[in-house]
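Each chain carries a letter (A, B, C and D) given by its place in the written order, and its residues are counted from 1.
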Amino acid sequence: MEHIGLTAKDLSVHYGDRPAVKKVSLDFAAKQVTALIGPSGCGKSTFLRSLNRMNDLIPNCKVTGEIWIRDKNINSPSTDVVSLRQKIGMVWQRPNPFHKSIYENIAFGPRYHGIKNKKALDEIVEQSLKKAALWEETKDRLNNSALALSGGQQQRLCIARSIAVKPDIILMDEPASALDPVSTSKIEELIADLKRDYCIVIVTHNMQQAARVSDKTAFFLTGEVMEYDLTQNIFTNPQRQETSDYITGRFG
Amino acid sequence: MKAKTADKIATAVIIAVSGLIVLVLAGLLGYILIRGVGHISFDFLTSPPETIRIGGGIGPQLFNSIFLLVLTMIITIPIGLGAGIYMSEYAPANRITNFIRLIVEVLSSVPSIIVGLFGLLVLVNMFNFGFSLFSGALALTVFNLPLMVRITEQGLKGVPREQKEASLALGLTKWKTITSVMLPISMPVVLTGTILAAGRVFGEAAALLFTAGMSSPRLDFTNWNPLSPFSPLNPFRPAETLAVHIWKINSEGLAPDASQIAAGASAVLVITVLLFNFGARWLGRYMYRKFTAIK
Amino acid sequence: MAQSFDRQKAKPHIAEEWVGKIVTLLCIALLIITIFSIVYFVASKGLSTFFKNNVNPIDLLTGLKWSPEGEPPFFGALPFIFGSFSTSILAALIAAPLGFCASVFMVEISPKFGRRYLQPVIELLAGIPSVVYGFVGLSVIVPFFRDVFPGQGIGIAAGALVLSIMILPTITTIATDALAALPKGLKEGSYALGSTRWQTIYRIVLPTTLPSLMTGIVLGIARAFGEALAVQMVIGNAPHIPRSLFESASTLTSAITLSMGNTAMGSLANNALWSLALILMLMTFVFVFIVRFLEGRSKL
Amino acid sequence: MKKTVMLLMLLTVMVALAACGQNNNGNNAASSNAGSSEPASSEPASSEPATSDLSGSFLASGSSALQPLVDQVSKKFMDANKGVSIQVQAGGSGTGLTQVSEGQSQIGNSDVFAEEKLDADKAAELVDHQVAIVGMAAVVNPEVTVDNLTKQQLIDIFTGKVTNWKDVGGNDQKIQIVNRPSSSGTRATFEKYALGQKSEDLQGSIQEDASGTVKKLVGETPGAIGYLALSYLDDSIKTVKYEGIEATVDNIANGTYPVWAYEHMYTKGEPDAAVKAFLDYMVSDEVQNADVVELGYIPASKMQVKRDAAGNITK
């Protein structure tokens, strides 16, 4: 499997006239976890949602700049957004499984993408659930409603769902912030695991989490990237005063 | 202390008025049912009406009402869903969309008699569908459509954004997202609304006087070929529905037991509407529970 | 693998997106065509009275005498217009306080009982077919009025009473929604200042929800304005402005239902009825615009 | 889901197409059979309903007063002629005349002469078939003591000159008029033959189109007066004599009681075989002496007088 990264160049997002992200350029490497941190409203989530063109859905929201995957700028009108989104998985803050069975949640995407064979689907479901460390807990009740799972399980199901369509990149928008500590640590373990196969971008509020799971960290403030460096450097030796203030908890 | 007295009086008045409303409905239902239920029998529900003899039934009218309802819904549901989906998911936020919204609102408030006249002029005479179930169904579609559009829109707007995004993020098209993820979630709302709209069809008379006609040809209930003029399934035959029949019997009835038949038919009509109401509520609750239940 | 379904799926899904968009667009287009053709046909029929038959529109709107079969014919629709307005407004005057009380009961006094019993009851009122209302009106309200008040029992009062029950659900539902949507802090602030419930209702709740309540009332009037059969059965149908609420009168709808089947398409008498239908339709539009205006205000 | 939606839409389209096809079939069948069966007119008084190898499908629409009769007879006719399908619709005399004149229906049922509703040139294209006579009588609330009203008294009442029963020989009670709308055929008949002039829509008068409602209101409202077809008369109301003459079938037939009208079934031009056979069956003795009488009309054959559209009476 080829491993693919993502590059944003001068990416700006405007809600109407109000700028939310200002000319951000970031490089996300394959097989790495990049954390986006910053205070509320700093534009990190907006930036993340621009990467798979999810902001297209929001009226009034305008995204300018370039996003490169391999040799293609995907932030152009001619991009086939649907195929693009298949390659970029996404996980939300609150677990959002479909109102379907556990099995259907996973099989839904692949089936749409042309895999009709029951055996192949079974295989994908099992593999995805195993990768998401959910197989052992759910293998006996695959036909039960996904809504019957606990919050942490639901979130892992959502991760399994997104890897079932074989993305290259996974975007996570505060994936653990709605979960209890035990579930959170499970998700973090999972992220560390998934890193072997995917390029992962994670938005988080929790600086310990960023420090634990990420390889690189970008610090956002009022729509701009203040600092982008190896996670270690950001947390031990920040170059800018704002970064230092934020991670030591002076504001945010 | 004066304020407290005023408060007590006002509360008492409000409770009394609310009680009055319940009483009015109870009286209304009681009046209709007590007068009519005695007349309802299997025979009454299945036999054809009599012009001047005693003992006529409402069989064909009951069948017509149900068949008309089915026809109307077959036309209304797909178009209404489609239009509702467009308004909720595809329509760009601009002036034209606002204008369309206004138009839907206008259509929903057009009085049923105008719809009936329009049907008479255009469907019955111009397109030459005649007084027929089909004309009636189209006329009823006209004023059920806006309702259906609104219900669909409401249902889709109620779907959490994350659900929609989750499906899109898997690389599904918008259309597939709407039909496989959003519509199932909004189903309880849409279904409840649809059933309530269907109840309205059942009771409508003014528009049908001019479109479905006031006569019921002899029906041969063994003939199920929709093209035969005697077949109950032929959509191009005139069809008097239950509500129209009540109107006619009340005003023109020659049969000696006309008033009992009217009372019986009214009771049947009201019971059906009640069933629709309770059915819609029950189904809505059931589906809501089914979708969110923890098994 | 990822690469392979990229190429396979590229075309079909774009087609699918377009099919979806076009199919739904067609549905909405159909709706728009329908409303425009209704307006077109009713207007062309209704206006032919003026253009083809040379009836003066001012005479139609202000004339007091309606006798389309007379020699010479008269087309004064003012009695019908008056009848329509007076019955529907009177109906709203009866229904509005009732509806407001019911919604206050449901939202403020006893939400549990209200939601469980009162709301279904009121929704049931909306479901009862209008012919049944007319039937009950003719058999119960008319004889009652005849015994209690001077006159024949039929007339605007009977029509308005029947209509008020029919529009009660419209008014109540909208009022309930408006009351329920009121920010909690607003009421709590008032209670915190020591106001009683009634003071809170008429000082805080009523003024803030007024535009919404008005919306409900206008929608109720619009519905009453267009109702045909129930009114026709109890109003008496004399084409005159009545001298009392208990004297035979007519509405636009009752005049149309009464004579439409009896006149031949294209004849002068028939065209005049279409003119009444046109007035009715235009009034409905006016009501919609008023509602829009009020809704705009209630958002402020 | 998508498939279901598509399927439903397809279905809708199909139904719509079938609509067009169906209608054409009906019309074609009706007209193409014009020459195929023997003319049944040669045996108008036969007790058997015409020949049974007739086929065709046609529509009779119009007067709601005539509809029960046509409906009932059409069922009998269809029993005897399996190949014929007749649809009977009620929508008012005006609608019936419009539809037959514009070719949407093959028979237009009407309570009045076509000349009274349609333009002269359109009316001239229609052929009148008078199938029955309907008699009308003034009726009053049972508590009104008056038994007889003269023509002048009726005129005075219906034009508002007399507003109290005591002026026409009754008790001191206000007269409540229950009239028909000015477009009504029943009213036209009553005005023409009972009053001899148009009446006014008086302030406070009630207007109802439907006979049942008129009967109910006259029966319930103190001091009420209205008029009804003879078939509606019963004990809940009181029938008054006109100029001393009782409204009976015999009095109408021999021309002494003038308030009556024909029930018409119009065709555009001469009817085709199936329609003609049906119309002939309509005026056959079998129908005239049974269904017509049963439904409260007077058989056309019984009439000793005739009347034209202008109201001229010939013996």
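Points worth noting:
FYI, a contact is a pair of C-beta atoms (placed from the backbone, for glycine too) under 8 Å apart; a residue touches a chain by one contact, two chains touch by 3 or more.
Here is each chain with its UniProt name: A = Phosphate ABC transporter ATP-binding protein (PhoT family); B = Phosphate transport system permease protein PstA; C = Phosphate transport system permease protein; D = Phosphate-binding protein.
Note that the structure is predicted; figures quoted are calculated from it, not measured.
Common partners of chain A and chain B, by the touch rule above, are C. Located most centrally within the structure is B, per distance between chain CA means and the overall CA mean. Farthest from chain A, judged by the mean position of CA atoms in each chain, is D.
For this pair, chain B with chain D (Phosphate-binding protein), the centres built from the Cα atoms lie 33 Å apart. In terms of their C-alpha centroids, the spacing between chain C and chain D (Phosphate-binding protein) amounts to 35 Å.
Centre-to-centre, using mean CA coordinates, chain B is 17 Å away from chain C. Work out the mean CA point of chain A and of chain D (Phosphate-binding protein), and you get 78 Å between them. With touch defined as above, residues shared between interfaces to two or more other chains in chain C number as follows: 13, 17, 20, 23, 138, 233, 260-261, 265. Touching of two or more other chains is recorded for residues 82-83, 86-87, 113 of chain A. In chain D (Phosphate-binding protein), the residues that touch at least two other chains are 2, 5, 9, 64, 91, 95, 98, 102, 208-209, 213.
Counting only pairs that meet the touch rule, the chains in contact are A-B, A-C, B-C, B-D, C-D.
Across the interface of their complex, chain B is touched by residues 13, 16-17, 19-21, 23-28, 30-32, 34-35, 37-38, 41-42, 45, 97-98, 101-102, 104-106, 109, 114, 117-118, 120-125, 127-132, 134-136, 138, 140, 165, 168, 195-199, 201-202, 219, 222-223, 225-229, 233, 253, 256-257, 260-261, 265, 274, 277, 280-281, 284-285, 287-288, 291-292 of chain C. Of all residues in chain A, those touching chain C in their complex are 1, 80, 82-83, 86-87, 113-114, 166-168. Those residues of chain B that touch chain C in the complex are listed here as 3-4, 6-7, 9-11, 13-15, 17-18, 20-22, 24-25, 28-29, 31-32, 78-83, 85-87, 89-91, 100, 102-107, 109-115, 117-118, 120-122, 125, 142, 145-146, 149, 173-176, 178-179, 196, 199-200, 202-206, 209-210, 243-244, 246-247, 250-251, 262, 266, 269-270, 273-274, 276-277, 281. The touching residues of chain D (Phosphate-binding protein), counted against chain C in their complex, run 2, 5-6, 9, 64, 91-95, 97-98, 101-102, 117-119, 176, 181-185, 188, 198, 200-209, 213, 216-217, 220-221. Across the complex, chain D (Phosphate-binding protein) is touched by residues 51-52, 71, 74-75, 77-79, 81-82, 120, 124-125, 127-131, 134, 175-176, 179-180, 183-184, 210, 213-215, 217-218, 226-227, 229-230, 235-238, 248-254, 258 of chain B.
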